[in-house]
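Take a look at the structures listed below.
Next come two complexes, and both contain chain A; in the first it sits with chain B, in the second with chain C.
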Partner chain A sequence: MIDPTEFWLLAPEIFLAVAAMLLLVAGSIGRGVRNRPAAAVALLSLVATALLVLWAYGKGGSSEAFLAGMFVLDSYALFLKLLLLIATGLTVTISGRFLEEGGYRPGEYYSLILFAATGMLFMVSGYSLLSIWISLELMALSSYILAGYFKRERKSNEAALKYFILGALSSGVLLYGISLLYGATGTVHVGELAARLGDLVSTGEQPILIAVGWLLLAIGLYFKVAAAPFHVWTPDVYVGAPTPVTAFLASASKIASFAILIRILFEALPALKADWQLITALVACISMIWGNLAALTQDNVKRMLAYSSIGHAGYILIGVLCASEEGLWAVLFYLLAYAFITLGAFGTVIILEQREYAGETYSDYAGLARRSPFLAASMLVFMVALTGIPPTGGFFGKFYLFAAAVEAGWIWVALVGVLTSAISLFFYFGIVVQMYLKPSEDTTPRPMPAVGLASTIAICAIVTVLLGLVPGPLVELAKASLIPLP
Partner chain B sequence: MFEFLTTSGPALLFYLFALMAVAGAVCVVSMRNPMYGAIGLLVCFLSIAALFLLRHAEFVAVVQIFVYGGGIMVLFLFVIMLVNLHRLHETTMLGNYWRTAFVVSLALVAIFGFLFLKVEFGPSFEDPSKFVDALEPGMGNSEAVAWKLYREYLLPFEIASVFLLVAMVGAVVLGRRA
Partner chain C sequence: MTGVPATWYLLLSAALFCIGAAGALTRRNGITIFLSIELMLNSVNLSIVAYARIASASGSLLASLDGKVLVLFVLAVAAAEAAVGLALFIAVYRNRREIDINRLNLMRW
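Up next is the complex of A and B:
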């Protein structure tokens, strides 16, 4: 039964949805809004939402689900919500250039970003497979539209269509899995599902239904986090989508998908822990190996970053499969560090990009250190962090993940992780070599990028380095944001 | 003769409508003329509505007819009539992938066929009165759905409304002249 006062705790989500609708209305009156005011409104509403998230947590934060068991406001959700809002905010600040130069309408763009963020906030708080699924769809649908926002570019159309078809397929697989588990247990509530699955597994009833159900559910989720061998959509979508949207997909979208993957595996399927640990280990290894090997052969930087994002999904899965406290906080730490690193790297790509997808190959980075020391230095930081070399957040992220795997006895998975990290050195440093050692034909200094874009890249670079120097506070924060272990 | 009909009437009706649904679905993927395909889809939708009725899910059956048989079919017919369809005759849908597609779909049919043969799902259709047990006495089917939807499942219901808004915005954004 729902107590109406519980709706106050939905204030952040409701506020964000209303802000998105207002932007939508403002964008459709007359000639619409200009980019700067729209971006400012979007940023301000994200900040206000973050404050409301803190207020709601202070008012009713607990690990008990409410609203008829559909919604939970625990510290895990709090951590991820704030992280998602930060990632969305950084996406807003790097979007301006593409909207202004392409002449695309900013009102709808920012409102779709905010709608996607609303879906993400509901996802990380979802405590019923049904509410998790529908909010996942809210996020995904907004992302499909954003991926096709470059309407004049064929690649963007292709990206939107591929993303839509494969995304719909994976959502269907996910829903099929949910419906089979519902058939076996008669509930979609995460807590009750765990209890009934525990009974069924211990008595050995309905083994096929449960096995096929959870496998389909897990495959749908692996699709969403872009883990191999369910990654086929990733490279084309990441390359074709407008670069700020790609950054959004690689950071915020990925974080939210991992959040529900962990929530479902840990809290809904603890009875099947041994099974999903094994499958996750296989998926993690295939993702790390395939992502890093395929990235070796790319000459387009966005495509390389897409394969690298598949590899990083594999690294994060290492922490998930440990099913231990160390693994879980290592994942949360890594998600935060990875969000800043990816957003910064894609931000740099945006600056170097020219119209019609030019400026994306490795050779376009030649001699960048001479032409723009700031850009070259920040790209260096991001590449070092993605490889996992100190003193950056990427190093500690990988270190904690591998340490958790060794402690939990998954030494072979950690070994694959270390080896593939070594491989990744080649393609990440390919860019560094181009920037610092290759001469460029064009030696004119690049004009300074716009303030919003430049300061976002600077913030990302600073946070990346800071996490590598003083990881302690974030580790403490992540340790305070755990969910019950399976 | 008549005794046979009364005792296994629901079962006979189930097989009849299930067969029609499958035949309609096969029609959708095999017909060259999209208009016949659309009619096949309609047959499939209506037979599924009948299957819902046999399971005493009156509300879902009516929604199935309204939404799928009505709304979605009209959309399909509009698209078929607005888009130039002569080009469809010349292209093969799957190209070189048909062997892979065939193997994959055969494997999926085998897995799910095995699943549904092995698993006992709820009360069987020979005794439909069992389905009504889940309702409170004196409560109709739509009433039961409404109670569930607006109380227990209120949150997903509300999120779905935002979802539909985004779908509409998306159609406008992508459909507008660039």
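Up next is the complex of A and C:
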């Protein structure tokens, strides 16, 4: 029944999994591998995987599911896979300093990053609730360990444990939703599920089973994208986890979670479109309001960025709930812009951080413009982009999302988005004020950061500005990467 | 089909799921919370198996197979999750000699 040649389409994922295993073994033998070689191997594997993704797509990319309907390799998956690989690669380049200073083994760290990336690649290709759930767990289990990677730091322990408990709870809820939908329709295949749900909804059969099932499934997914009111894990995990891991969770992990949220809502639950649009609108508004208001009260920059990421989950959900072409490509555009912005912002936080979580408060940024003009300028770019002010990618991302919402008739949601963006100006510019206007006691120039970190931040800043100057090409790319609308 | 009706299993599984969720949300000891979560996962397994039986009773073999395969994967993932979870508990215990969730409050505003 299964054509064995179809396995070639999974070549990228298989290659990445093998690379991760080899790195794990190499990192465990004797004294293990050192940071630089391990990072180089990880980066090379990611590049090779990206080439394999392109090759596999050229070989058999279509919207037809393969391997007994388990996976699909459409243009949507292609776009997100490449984006995920880029985000993972940038995470690798900002990780080095932490591992060297903390004295933790780098081989295992990079192999866990690669395992998580493997899970993400499978997620965006998943076309059965079974394959989607298992790849989600691969990503989640790797992330739990990564969040606790500083095993001698109490904060990192605490973050990992909280993440694990709440993550396992949410995956139980998600799974119960899957089981109820399976009970109602007798299938876990996304395409068949949609067809049978359509029949059941039109005849009005099994209303309770379907309603509870999709609601539990959706709650599990909202949890993964860190949308309020299912966000309780986010602030603590983002603060306690090693900062490169936080950057990874806020960028790659979020992208992959949004990818499956959209895939499931659009392709598996089109029959319930009106229901999930309403719930998503509520979740989006609560996320935007709560995320931005709570961020106002923070004095720790990492914690502020955590609440801001909850708010941004809300903005992205606006595009999801439109269920229109404009909304979908706006989401893809925003995911890409947001990945570069967050990775850059967290990269800057990493440079300023010192051992044991010092250097994370607003006041630690005082006078930065004098001490390191490069860092201050790039942080300025990221804060401007997060607020959504031109000429940055953040502006066009938000603009397209709100425009799609207005066009689809969700004007009140767009209004909440605009108002909360205005609120967000205060806390993002709190950092800018510290950097440029407040004098600092220490006026010695900072040494230039390591090449890897500095170039990553520079790349992120350049991409953020470029997206604000010429958004056209990316818009075209996103428009070519859509999935069927519900 | 004779014996216990499949709906009873579904009710049992729903009850177990609720007990698990309540335990996970109200208990303070990390291990107890973890056990409650395992209970939730296993209640899901029970419900999937019950649905698979309903499907095979109505003559849809393929649909019943889907569920049985799903259960096997859930079992495997739950085992992996247990390994990661217990390792994290050990890491926490080493640093602070307790796993009371309420005392994990280094980060709170």
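In the analysis below, the second predicted complex is superposed on the first by the 486 of 486 C-alpha atoms of A that agree within 3 Å, B and C clash if a C-alpha of one lies under 4 Å from a C-alpha of the other, contacts with A are read in each partner's own complex, and residues count from 1 in each chain.
Note that a contact is a pair of C-beta atoms (placed from the backbone, for glycine too) under 8 Å apart; a residue touches a chain by one contact, two chains touch by 3 or more.
Just so it is clear, the structure is predicted and the values come from calculations on it, not from any experiment.
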{"item": "Touching partner for A:137 - first (chain B), second (chain C), both, neither", "value": "both"}
{"item": "Partner chain(s) touched by A:145 [first = chain B, second = chain C, both, neither]", "value": "both"}
{"item": "Contacts of A:75 with chain B and chain C, given as first, second, both or neither", "value": "neither"}
{"item": "Which of chain B and chain C A:187 touches, first, second, both or neither", "value": "second"}
{"item": "Contacts of A:239 with chain B and chain C, given as first, second, both or neither", "value": "second"}
{"item": "Partner chain(s) touched by A:172 [first = chain B, second = chain C, both, neither]", "value": "second"}
{"item": "Which of chain B and chain C A:67 touches, first, second, both or neither", "value": "first"}
{"item": "Partner chain in contact with A:2 - chain B first, chain C second, else both or neither", "value": "first"}
{"item": "First, second, both or neither for A:297, with chain B first and chain C second", "value": "second"}
{"item": "Common interface positions of chain A, toward chain B and toward chain C", "value": "130, 134, 137, 141, 144-145, 148, 151-152, 160, 180, 183"}
{"item": "List of chain A residues in touch with chain B within their complex", "value": "1-2, 17, 21, 24, 67-68, 70-71, 108, 111-112, 115, 118-119, 122, 128, 130-131, 134-135, 137-138, 141-142, 144-145, 148-149, 151-152, 160, 180, 183, 206, 208-209, 212"}
{"item": "Touch list for chain B against partner chain A, complex", "value": "111-112, 114-115, 118-119, 121-122, 151-156, 159-160, 162-163, 165-167, 169-170, 173-174, 178"}
{"item": "Touching residues on chain C, where the partner in the complex is chain A", "value": "10, 17, 20-21, 24, 30, 33-34, 37, 40-41, 43-44, 47-48, 50-51, 54-55, 60, 63, 66-67, 69-70, 73-74, 77, 80-81, 84-85, 87-89, 91-92, 94-96, 99, 101, 104, 106-109"}
{"item": "Interface residues, chain A side, partner chain C - complex", "value": "130, 133-134, 137, 141, 144-145, 148, 151-152, 154-155, 157-162, 164-165, 168-169, 171-173, 175-176, 178-180, 182-183, 186-189, 235-236, 239-240, 297-298, 303"}
